[in-house]
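Shared between the two complexes below is chain A, which pairs with chain B and chain C, respectively.
Right after this comes the complex of A and B.
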């Protein structure tokens, strides 16, 4: 119960803190809006049936990923800048729980990008989102949220090891959008790039989402992709646990917790 | 002039002081190339085409946004964060000169980035650039960057009166992606929105650079470049006045050090 309270308080506080930042507001509101217009204009003559589904999903995913890049990934470092990192690190509440709360808060708030993208498609292009397999879409969507949260925690920990967080935050946005196939299938990428794609949880989450809006998809193929997503995400969870142990040891030994 | 160059070099060095040469290359070469590759692959998929010349040209021009929009546009914003903004405002030196100093080396880097971005992009996506006049292409880039620098100067002035520069600059960068005609023909847009394409820089330089790939009307080509230069000059003139107005407003509303 106490842990849930920590999680809830951190989530709500993080949502408020994130929303007041102009960059986060851009990622949350403006980014999906402009990406919906761009993707719609690019796909309008593609001849693809239901292309509006991919436009809404693509713009929403690009938005949520931008939110992760420019907020979640740098959250630990931001606390360092605020001067509050040492306080939350040594507080009785588990530091890992605080980080999970922050990331979940951000990720849940980032879901607004899908609403913006949907509203923009509806308002400007009279486009409608249609998921023929509703239960598959629901599973895919929840899986996507969880896998994005895991990769965000992974990045937040990883970027803590560097003092150049801002630089790396800027460098990971487009490569992941490209490699994970947010707006086009990864199958069209060269083989060597696909190997990188398949090692990242968002690739499988996006694949699952695209399947759920594509129409008739065999349950076995859907399940196979789902298990792969669970497996890859599981690996990242293990890496996150190990990373925390390394960082915990390092900051105590070297006293670098507040080093900027 | 010596002072101008010294100050320009100092501003340039400050921007990259905290990063190593490898990181500089990553930020200014590899990342822009990945961005270019993303839009070209997206175009190949959505337009069902293998001829990506238009997208390589258009998106290589957009590579300058990283430097022009974000480096130059945040000129006053960065000064605020480093605590120098008050000294700059009260000094008798022209504020426009300060922004020009900050934009001098980024503009040169932009020209290099766009040119090499185009060359490497062409090699990756099999665009035959041997048939075009590369000197003329370079000239088009210089004209485009001149116009973009004026536009970025105009944007930088907002840094004096708002704390939301990240929002503004990112939004403008996205507007350029949509309305410059780099990724889809601007004729696809509604007539009212096409006005935006006409008032922003790069639209004409991208169009004229694309013309080099086919038989082109010299009169139209020259006219587009003249228009692009005019857009740049207009933005330089507007910037001069907007910076003065923003400076006064910032003093009046005490927003100089607003975070």
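Right after this comes the complex of A and C.
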């Protein structure tokens, strides 16, 4: 119960803190709006009937990823600047719980990007989002949130080890958008890049989401992709658990929890 | 009396990498074999220059840094490996404007930190009200911290550091940058905490503050312990000398020679100041030489006459300089 309270208060605190930051609001509101317009122009001549679905999903996914990059990862550095990272780390509450709370707060808040891209598509292009397999879409959407959260935790842990978080989060933002197929299918990428793509949970989450809005998809194919996503995400969960043990020692050996 | 903090041959090294192509590793010894204990209920001062190792010691004690070697124990537990056993019983206050969320109100900040210490809501709310009153922020409790002055943020930091009613409080230069009133409030809080039986470890550059508050003081330099004792014990280390400072309109070298030859006088320094010529006379502690000095100065215009006792600052400067 006490841990749930820590998780809940951290989530709400994170939402408050994130939303008041202009950069986060830009990622949350302006970014998906602009991306929806750009993707619409790019997909309009694709010949796909339900291309508006891809536009909304693509813009939403790009938005949620930007929020995760600039918030979940950047928050570690922000806490370091505020001098609060050392306080939350040395408090009796489990540091992992605080990190998870922060990421869940950001991830939930960043779902607004989907609403923005949906509204933008409707308002500017009279586009309608249509998910013929409602249950499959729901499962895909929840899986996508969880897989993104796991990746964000993985990044947040790694970034406690370094003070150069701004550099790294800028470095990974666009490659992940391309490699994980947020906008274009990963099939068009070179083979060696596809190997990287398939090792990242968002790739499978995006695949699953696409299937759920594509129309008639065989349940076995959908389930096969779902299991792959669960498997890859599971591997990341194990890595995150093991990584914390190493990081917990390393941050104190390297002294990276503070600015100096 | 029970030892709550125990340091034995404590060392902490940092590896610094230099260069782009040929990366060179350099090992900096921030703390190099420090040993001391802090007793329950004590206010223990850590004095030293910037970079002496004070903050590194505090960071190891609050479980933020791992020691490179040696013993570092708080409440009988190792600070690296057994930290979960005592983290709820300690807290720390660092000077400056860091350590709080500026986009939250003072109350919301304290509520959040109370949650991190697993405090139940009723107890936390009571403690928050008490602390806001203690640091004189009660009428600003629901105002966003970003609108606070530097001193107010620091006072909120103090409240945050006391949120879990800790047994041991570590304070790293807590009065730095505080206005005189804020510093006085903090000193009063420290005194009150002592009467409540709390143990406090304090670092400060204000030596009068350490002299006034601390039961015992450790002076460290370049990661080494230079001296340890009560303020009086530290004075005794270099005692035996007192100082008289006299400002004169003018003085001749002959007069200075006369003073230098007086029994018990060990040195006379002359300095030109805006107010006149200052003579700094060092003499043996028990000697009564004021009368003789005044006789030597007959006919000269004395602008001021000051008999100074040995201060902690004199002791500190002497010990640190001697340890170089």
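In the analysis below, the second predicted complex is superposed on the first by the 254 of 260 C-alpha atoms of A that agree within 3 Å, B and C clash if a C-alpha of one lies under 4 Å from a C-alpha of the other, contacts with A are read in each partner's own complex, and residues count from 1 in each chain.
Here is the rule we go by: a contact is a pair of C-beta atoms (placed from the backbone, for glycine too) under 8 Å apart; a residue touches a chain by one contact, two chains touch by 3 or more.
Remember, it's a predicted structure, so these values are computed and weren't measured experimentally.
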| item | value |
| --- | --- |
| Which of chain B and chain C A:175 touches, first, second, both or neither | first |
| Which superposed partner A:83 touches (first chain B, second chain C, both, neither) | second |
| Which superposed partner A:198 touches (first chain B, second chain C, both, neither) | neither |
| Contacts of A:2 with chain B and chain C, given as first, second, both or neither | second |
| Residue ranges of chain A in contact with chain B within the complex | 21-23, 25-26, 30-31, 34-35, 37-39, 41-47, 164, 167, 170-171, 174-175, 177-178, 183-185, 188-189 |
| Sites on chain C touched by chain A in the complex | 14, 59, 62-66, 80, 83-84, 87-88, 92, 94, 96, 98-104, 108, 111-113, 115-118, 160 |
| Touching residues on chain A, where the partner in the complex is chain C | 2, 5-6, 9-10, 13, 16-17, 20, 82-84, 86-93, 98, 249, 252-253, 255, 257-258 |
| Touch list for chain B against partner chain A, complex | 18-19, 23, 26-27, 31, 34-35, 37-38, 41-48, 163-167, 170-171, 174-175, 177-178, 183-184, 188-189 |
